[in-house]
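Two complexes come next, and they have one chain in common, subunit A, joined by subunit B in the first and subunit C in the second.
Up next, the complex of A and B:
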């Protein structure tokens, strides 16, 4: 094959796969506008979940304040506390504000995790059920273009919902974020999304073979990951828990949301919030997220190719109810 | 001669389902599982470029399995298949760029997209530029009578409209080879007619276009196809033009009888001069429909006697020209239903 033909062929493949990504992203992008019920189900309802944690943290802050006014500052009498009761109350209020901000941020990121589970990981299973999968697999596009289109559409759709939840959370709970490094914040956010959706792509490949069990697995991965990734509390606090705490915290890091959230909280609160108890510093977390993103995307690519071949051999690629 | 499709000794065996005992190692089981199923058994045939080729056979004959192997969605267990000169196992991407497939009763697409958007989306997976795609969609929507529904969400379409949309999806990528798997299944007469006419025109009026059509509607195959392969239980029984296939039994006599429901039909095979016959009970009318392939008209009296010996009345007797189903009956001794 001549160089010119190879170049033309390469350009053709690039154009084909970009169009395929655009095509697959399209239903999710327009879906965000066509079914406005999401305004209730995906912004107001998540806000209720966030509110529950906010009220708990605020109640804990008020208990600490009340105890300080009664002369007890944590484990010591306020007379022995450096700065006295006033300093203790100020610290308690700052801590409560940080916790509320952490919960609002975590609650916002929950939307992405749920999207990865239900609209990425389980998606190929659903595509098989409605008969789309065989049409996708028969098309000449790269399988990564298919997954990439799903991911980009999902990111867009979820970003709209997440931003709405975040804005509502900020307004309702009076959260103030302090962003000192906006570029770093954007970098961490997007690398976290790429890594998260890379994990979704990998799961999508695996779910292709698991069929109906995929539904159960997605359900199983919801609440435990909310906890182990620290969606509603700073994950670094688990490092202080003797025994199981660090184990859960480090296991949770396998899901990119854990590192991403930890870094986002450092960048929007302050590095000294929660006593400076973070998993790693932001630069290290960004590096780990980049590694996770690359590994997950490569794994997703090969897993889908392998599982497509296996499904074709076993006749499970197109048959429903298997 | 350039072949659009070529298969050599193509075989596909599906592993059976494991019994509960095999799956769990338990001894208690009322679930026996199933053994391996041979869906295709040494299929060898070819389709010439520019041909409208039919695969005719009853449900479960192996038609869809064959199409799925050719569409690179399923691997053969053994044998070889080539589409547009490329191996369906080793060289799938050049094949995929040149083919498309539409199945009857398809429910593909997304309900929240409009008909037009849905077809456009699928065209993007083949890299068709948006402008070209939209022009083709508009043209095809007029042809298939779907223009009025262009902005209707897919979930609001009737099954006939949905199938027309599926057909447009198949043509919008302008494939060289189109696989149509029971494309008129369940459609009303008008919708089926529009689809058949367009498919015939598409192959005849454009150069280098090939269609492989699977159907169990013999009239459809007879009317549309240049050549037909009759397939049953994974084997190709005959392959020729409809005229030549019917010529195989042209010297025979075909009789159709409608009689009171019969319980016993095995006596017919013992009547001299009966080459083969099929029997179908109609529960609604409590009648039996019999088709006999006879060497001559001699056995008719014996057949009628055998029916009346069971106390059944004969409601009608027709001598008919041979159809493709009669060819099938003469080969395997049963009809398509």
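Up next, the complex of A and C:
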């Protein structure tokens, strides 16, 4: 094959795959605006879940304050506490405000994790169930372009909802974010998303092989990831808990959301919030996220090719309800 | 009546098979345990973190939120169990047209399909409570004299949950593939307004009024009074109500919600038929 033909062929493949990505992203972007009921189900309703966690912290803060007013500042009498009851109450209120902000941020990022699980990881399985998968498999595009389009569409769709939830959360709970490094914040956010959706692409190929286990696995991966990735509490604070605390904190880092949330919290709250106990500094976390993103995307590419071949061999590629 | 009972039995069996036969029994048991225990862990970690930060442990409050969260497993599972039926049959298995035109009550069919999830949830609640007692120092002070009250409140609480679930299922006759968003989001209403995790007293007056209009608030209150009576000081909102009064309110509100579920179901079905949406599929 001549160089000119190879170049033309390469350009053709690139153009084809970009069109495929656009084509797969399009229904998600359009679908985001077509049914306005999603505004309720994916912005207002998640806010209620966030509110529940916010109220837990506020209830605990009020109990600590009430105890301080009665003379008990944490585990010591207020007379022995440096600064006395007033200092303890001020610290408890500041901690509560930081925890509320951490919950609002985590609750916003939950939307992305759920989108990764239900609209990325289980999407190929869903496509198989409704009969679209065989059409995708016959099309002359790269499967990664298909997944990439799903990811871009999903990111857009979810970002719209997440931003709405974040804005509502900030207004309703009076959260104040202090962003000192906006470019770093954007970098961490987008690298976290790429790593998360890379994980979704990897799962998508695994789910292709599995049958109905896929749905149940997605359901199973919700709560354990919520707690191990610190969606509703600062994961770094577990480092203070002797024994199992650091083990859980570092195990949670296998999911990119843990590092991403920790970095985002450092960049939007004060670095001294929660006593300045974080997993790593922001630069290290961004570096780890970049590594995770690259590794997950490469794994996704190989897993997809291997499992497509395997499911074709086992005759499971288009068999439904198994 | 026999036809309804037969529909209920067969739908329950079908629901159980669909829920459990995707894997080996031991894996299904593990799955049924891991999910609720992990859910409880979110709260345990939140509690641990704030105690570590404020240096202020409050075991009574921990028991309050742990028991509330354990029984909330019923809420999430029952609501999901009911309102996912229509979406699953319509969009996933695409069998709704065959079931719907068969000579059965589709309302009873939905109830039957949900029962397996209620049973699995009951198992999960027990496991979560046992885990709390065994590993988290949760104190359960249950006396046999409270058993009738506990059982009555459980039956009424589940009845009201099924009624609310049917209302949601009826709405899903008309909506696209939103089951997951609804499943995640709607329990949030009850999470916030029913005194599940924090005292109702912390809510603004309108929030407390809303909470007091939902039967689940009374169910959670009576459940705590029977299992962890030492937590009754945490929320003063229902302190003036006797157990009997709370049970009576729970009974009447459950009846009201069952009536509402029948009305909403008929309305949802009517509009779905009129719009030709009974067997609608979407492919986002």
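Points to keep in mind about this one:
In the analysis below, the second predicted complex is superposed on the first by the 321 of 322 C-alpha atoms of A that agree within 3 Å, B and C clash if a C-alpha of one lies under 4 Å from a C-alpha of the other, contacts with A are read in each partner's own complex, and residues count from 1 in each chain.
What we mean here is this: a residue touches a chain if its C-beta (ideal position, glycine included) is under 8 Å from a C-beta of that chain, and two chains touch if they have at least 3 such contacts.
Please read all numbers here as calculations on a predicted model, not as lab measurements.
Counted by residues of subunit A touched, the larger count belongs to C, out of subunit B and subunit C.
Judged by the touch definition given at the top, the superposed model places A:241 against subunit C, while subunit B stays out of reach. With both structures placed on the common chain, the touch criterion links A:315 to subunit B but leaves subunit C unconnected.
Touch criterion met: A:27 reaches subunit B and subunit C at once. Touch criterion met: A:132 reaches subunit B and subunit C at once.
With both structures placed on the common chain, the touch criterion links A:12 to subunit B but leaves subunit C unconnected. Within subunit A, the residues touched by subunit B in the first complex and by subunit C in the second are 27, 31, 35, 130, 132.
Contact residues on subunit B toward subunit A in their complex (touch as defined above): 14-15, 68, 71-75, 93, 96-97, 99-101, 103, 106-110, 112-113, 117, 120-130, 169. In the complex of the two chains, the subunit A residues touching subunit C come out as 27-28, 31, 35, 37-38, 41-42, 44-49, 51-53, 55-64, 67, 74-76, 91-92, 95, 99, 114, 118, 129-130, 132, 211-213, 215-216, 219-220, 222-224, 226-227, 230-234, 237-238, 240-241, 245, 248, 274-275, 321.
If you check the complex, the residues on subunit A that touch subunit B are 12, 15-17, 19-20, 22-24, 26-27, 30-31, 34-35, 130-132, 134-141, 146, 309, 312-315, 317-318.
By the touch criterion given at the top, residues 22-23, 31, 34-36, 38-39, 41-43, 45-50, 52-58, 61, 65, 91-93, 175-176, 178, 180-182, 184-189, 191-192, 196-199, 202-203, 281, 283-284 of subunit C touch subunit A in their complex.
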